[in-house]
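Reviewing the structure listed below.
Letters A, B and C mark the chains in the order given here, with residues in each chain numbered from 1 onward.
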Amino acid sequence: MTSVRDWAEPNPVTENRGGVIGKGVDRYEGALKVTGTAPYAYDTVAPSPPAIGVLVTATIPRGRVTSVDTAAAEAAPGVQLVWTHLNVPAQAPRGTRANPRSQRASNPALGSDRVEYYGQSVAFVVADTFENARAAAELVKVAYAAEPAVVDFMASFDQATLPPDEEDVHIGDFHGAFAAAPVTIDETYFSPIQNHVQMEPCATIAWWEGDKVTVHTSIQMVKGGQHALAETLAIPSSDVHLLTRYIGGGFGGKGQPYDDLILSALAARALKRPVKVAYTRQQMFHGTIHRPAVDMRVRLGAEPNGRLTAFAVEATTHCARAATFTEHAANFSRNLYAAPNRLTGHRLVRMDLPHAGPMRAPGEAPGMLSLECAMDELAEKLGLDPIELRIRNEPDIDPETGKPFSIRQLVRCMTEGAQRFGWERRNPVPGQVRDGRWMVGMGMAAAIRGNFLLPAKAGVRIDAGGIITLRQGMTDIGTGTYTILAQITAETLGVPLGHVRVEIGDSDFPPAPGSGGQFGAATAGSAAFEAGMNLRRALTELAVGDPNSPLYGGPAEYVTFENGVIAIENRSETLAALVGRAAPDGIYVEGSISPAADARDYSQHTYGAHFAEVGVNQVTGEVRLRKMFGVFAAGRILNAKTAKSQITGGMIWGVGTALTEVNAVDPRFGSFVNQDMAEYLAPVHADIVDLDAMFLDEADDKANPMGIKGVGELGIAGAGAAIANAIYNATGVRLRDYPMTPDKVLAGLMAKGL
Amino acid sequence: MRTTITVNGTARTLDVDPRTTLLDALREHLGLTGSKKGCDHGQCGACTVLVNGVRINSCLSILAMHDGDQVTTIEGLGQPGALHPVQQAFLERDALQCGYCTPGQICSTVGMLQEAADGWASKETADLSAPTALTDAEIRERMSGNICRCSAYPQILAAIRDLAGEVA
Amino acid sequence: MKPFTYERAADAKAAVKAVAENPGAKFLAGGTNLLDLMKLEIETPTHLVDVGRLPFAGIEATDEGGLRIGGAMTNAKLAAHPKVRELYPVLARAILAGASGQLRNKATTAGNLLQRTRCDYFYDTAKPCNKREPGSGCSAIGGPGGYGAIFGASEACIATHTSDMAVALTALDASVETMTPDGGARTIKVEALHRLPGASPQVETDLAAGELITAVVLPPPPAGGQAYAKVRDRASYAHGLAMVAVAGGRVAFGAVAHKPWRAEKAEAALAAGASAAEAASAEVAGADADDRRAHKIALVRRLAAATIEDAGSAR
């Protein structure tokens, strides 16, 4: 098995002789995207014109469908089928796996008369046109027998239990130390339900050729989607060809398949023609997963000098009864600050709301909103600068496991950020700075997000023209995967970027786990690197073994690859010449990566520090961003441009988290009050003022052969807390209930007599 | 019903259900899938196209309203290898991530720059009678009808800043 | 969306006749609100009469020294018009505070006035709503939202009118000119165009079926300053939580009632020499709201005081 020691050896990527690694090259598929010619799932041209499917969704949170009147819909113009649980074709029972190695189990659509959440699919209409399908869907009349439903999270804490296979983590004697601490904080913070609101609603187009189905869908995990469809339809996964080449945003919400995938495939089979299905924007809110609400109690005990003696983060969250998921909002705190006496844990309420699931930085995103404000509150109580407080609690080893850090530059992120942001301009006394009607303040927060490496494969092929094609069952959800795979492949094989093609998002290709958990670049990229190294070896053998090659008989260990040329000192030829002559059919090899046996001997994370300046309108309570800057340490950066886009995108999610984003539940109906983009307020351009970020130089040789780490989720971790702390610094009003909308801020201002 | 529109310079006659939106006509009947459906209710801007040079949400129009109109979609601005300056600026500044809102952002930028050139004011304009200066705040406000959930806003701003001088 | 037939009106008379004679017919102008609602089957016309290209899209000076704005003029063009910017800045500012550039390019003057509420429950067809389905009940009452009406609400409806433009027009004492079903004309003050919900919130204006707004008439600009303010959760492209328009001694609020709300008590206070804060307090003293909306009263009071101050309308 691999050891992290093997990864410390120099290699083409870490040596970066071609200079391709780290360079801010343009997005590989950028020209397609800026011209509208990148085909997303619903844009895909099928072999023949598709019929259009539209979902009908439940309007109760829990109960049973007692009857469905489909007569009017069936008689409507252009309608080709109307399905309910009574007549949908047979599917494998939920949760079953015919193939034990399937990554996902069967998940039938319209599988029974049970309604488990508001917005669950209860009927499905297919018609010749979208206009006819949408109108017919409105004609389906569903009657329900509603049952009592648990939908009010704040009123259901008495039902909270430990999440499955989980215990609280106690280290030392938290309660004793907290009771004895001279300075304490004991506060509760609330992060509400949030929604991914990917710009592209979930969509699939499906068609059959014989027993094989082709689906173009919008999903972050290729194998997961392929296996779920195969298991649900009870067919071999080899009969499912799933493609997901361009994805209009995922953020975790498309990590799993939805009913568009299943029903388009079933309907295409039944109708013997292609069928495409898209969720409406409104259906996305209930019909796909959301980030659950989290109630977080933070207790900190400190010495007057700021050293933490007692540390507790306890998070209570919720999930759907039928889909267990825990938002691990306390996990991050186990690795962040030193304190000898610790208590961390989670409680879970099972509810009858739509499914909770992962959303960008699950755990950290809501979790850091609590502790990073509590640290600000503690700093003020101690009369310390918030950065100084954090530095005084900087651990030498992982505070919970005692393991060494692979690398940890949190303090540098904070000090570098403070200097570049102008933290010295901050008045530590809140409510002192005015700009007309605006009260101005600054806040900061730390960021931490775990780093992961999963098993993955990749295939790489060189053709007779010297063009290299990387193929991988990987996805690019806007993260820059296409681009960094091209860069890794080019650098590994010493060829110009223009000689590399990248083909991903196809279940026929060597599997990778997909996009999620900010593991994509490291995981898929490392497999691509290994495949590239294998191709180097194959090309070396080919050259030194080919009597017609100038390299013939040369020592393999002296072979170099540079600018498309293979050489041993002054004996050289182009790769195109070599392959064209000696392997005219091209060469294809695969490579794979898996976690090192000793990787878990290190505490491995990405880090950062956020700095924010906000204005708070003293008349209205409106909060507006004035400036935000982040400094991050996330291993070797593959592409300066796309990595920065990822990290600033995450920061902006933090702004939304702090100020505008919430799916309010109406407990009378078990549904979200807001279910469109006019009322679920993702930040708009005007919300984001003077926001920038930078990366520290870093390479983490315990992470993978390239020393890279993820950047997709780090940016949101802690960002909202920096905003909240800035609101406090501006006004002296400490809010602990996100998002910090004008009504809450104004109430705080008025309570202070402002 | 029959409607004739000129799309990207070519006259096209369609005989479609009156319920067909301009967006769906472009996408489903003319194969121009560059314009995207993000919300179908004018709440996101992904469907933005230019009608007679003016940016609108094509999802909140039915085709029939546009008989005789000139429609420009993202496909009509430029193609890979022959990018429009706005497309080129977006590419160079990495003003996109997933790319789904991008065609709308770019069409909106083209329309917005013309509005600014015509001297139109915005919410951010301090003096309503002064000539329009495309400050960062002006660009941000004028582009707020195009939501980018990947949040490429700083990069979009940089791209438009590059253009504001030369196009406006 | 229910099936419908479509015609483009040849002239205003034909348009009015077509809608007046067909109970299922509606005027279509910009479509930004009507088509939005039709997709959800909140609006279900069987026939659309497109008035978007009738010759009511211009702007002209009136003999009285004001402006006549065509009903089909787009919001964008109205806000951009030099005379509006110079003489009626509160109107330009109100329009520019609303929607997005794209929507303002399509939405019309008349359509903006007639836009329907943004109440979440009006938009959610799975929930009772007296405005959508008379007699079904009001889901907003007792719901978790905090931004319903604080003036003139009824037990049947607490929805608000969320037009920005209409608030400025109310403060400017504008009128609408209509063509009536019999081909005649009448003039209605903007402040009298919309109704309070009472027991029939589905009836939102005093317009007859088929009555077409052909123009909005602005009187000469009032003496004194003008100012517009809007509070919203995000910095742009969001419906207002509260709006205030001030034009000389006239004050109007938005998003506080089923109609653009003329703040007559505030105006009277100003006329009597009150301070901005006193005038604002005088108006909201008449506000009525449950606990959830109590904060909104404070918000409106503070916003009104600040906006009156900005306009220089107080002593």
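The working rule: contacts are C-beta pairs under 8 Å (C-beta built on N, C-alpha and C of every residue); 3 or more make two chains touch, one makes a residue touch a chain.
Everything numeric in this text was worked out from a predicted model, so none of it was measured.
Specify the contact topology among the chains shown, as one of line, ring, star, complete or other.
Graph shape, chains as nodes and touching pairs as edges: complete.
Counting C-beta pairs in contact, which chain pair has more, A-B or B-C?
A-B
Find the geometric centre of each of chain A and chain C from their Cα atoms only, then give the gap between the two centres in Å, rounded to an integer.
41
For chain B versus chain C, what separation do you get between their C-alpha means, in angstrom?
Whole-Å distance between the two chain centres: 27.
Which chain C residues sit where two or more other chains touch them?
Within chain C, residues 1, 3, 39, 235-237 contact more than one other chain.
Find every residue in chain B that makes contact with two or more other chains and list them.
Answer for chain B, listing residues that touch two or more other chains: 17, 19, 40-41, 140-141, 143-147.
If I count partner chains per residue in chain A, which residues reach a count of at least 2?
Touching at least two other chains: 131, 135, 676, 678, 683-686.
List the residues on chain A that touch chain C in their complex, please.
Result: residues 59, 77, 131, 134-135, 138, 282, 437, 619-622, 624, 659-660, 664-669, 671, 673-676, 678-679, 681, 683-687, 741-743, 746-747, 750 of chain A touch chain C.
What residues of chain A sit close enough to touch chain B in their complex?
Touch residues, chain A against chain B: 24, 26-27, 29-40, 42-43, 45, 129-132, 135, 196-201, 246-251, 278, 280-281, 477-480, 641-642, 644-646, 648-653, 676-678, 682-686, 688-692.
What residues on chain C touch chain B, complex-wise?
Its residues touching chain B are 1, 3-6, 8, 28, 30-32, 35-36, 39, 48, 50, 52, 76, 79-80, 82, 85-86, 89, 92-93, 96-97, 99-103, 105-106, 235-237.
Quick one: which bits of chain C touch chain A in the complex? Just the residue numbers, please.
Of all residues in chain C, those touching chain A are 1-3, 39-41, 118, 120, 123-124, 126-127, 139, 142-146, 231-239, 241-242, 295-296, 298-299, 302-303, 305-306.
Can you tell me which positions in chain B touch chain A when the two form their complex?
Interface residues on chain B, with respect to chain A: 17, 19-20, 24, 27-28, 31-41, 43-44, 46, 73-75, 77-81, 83, 87-88, 90-92, 94, 96-103, 106, 136-137, 139-141, 143-157.
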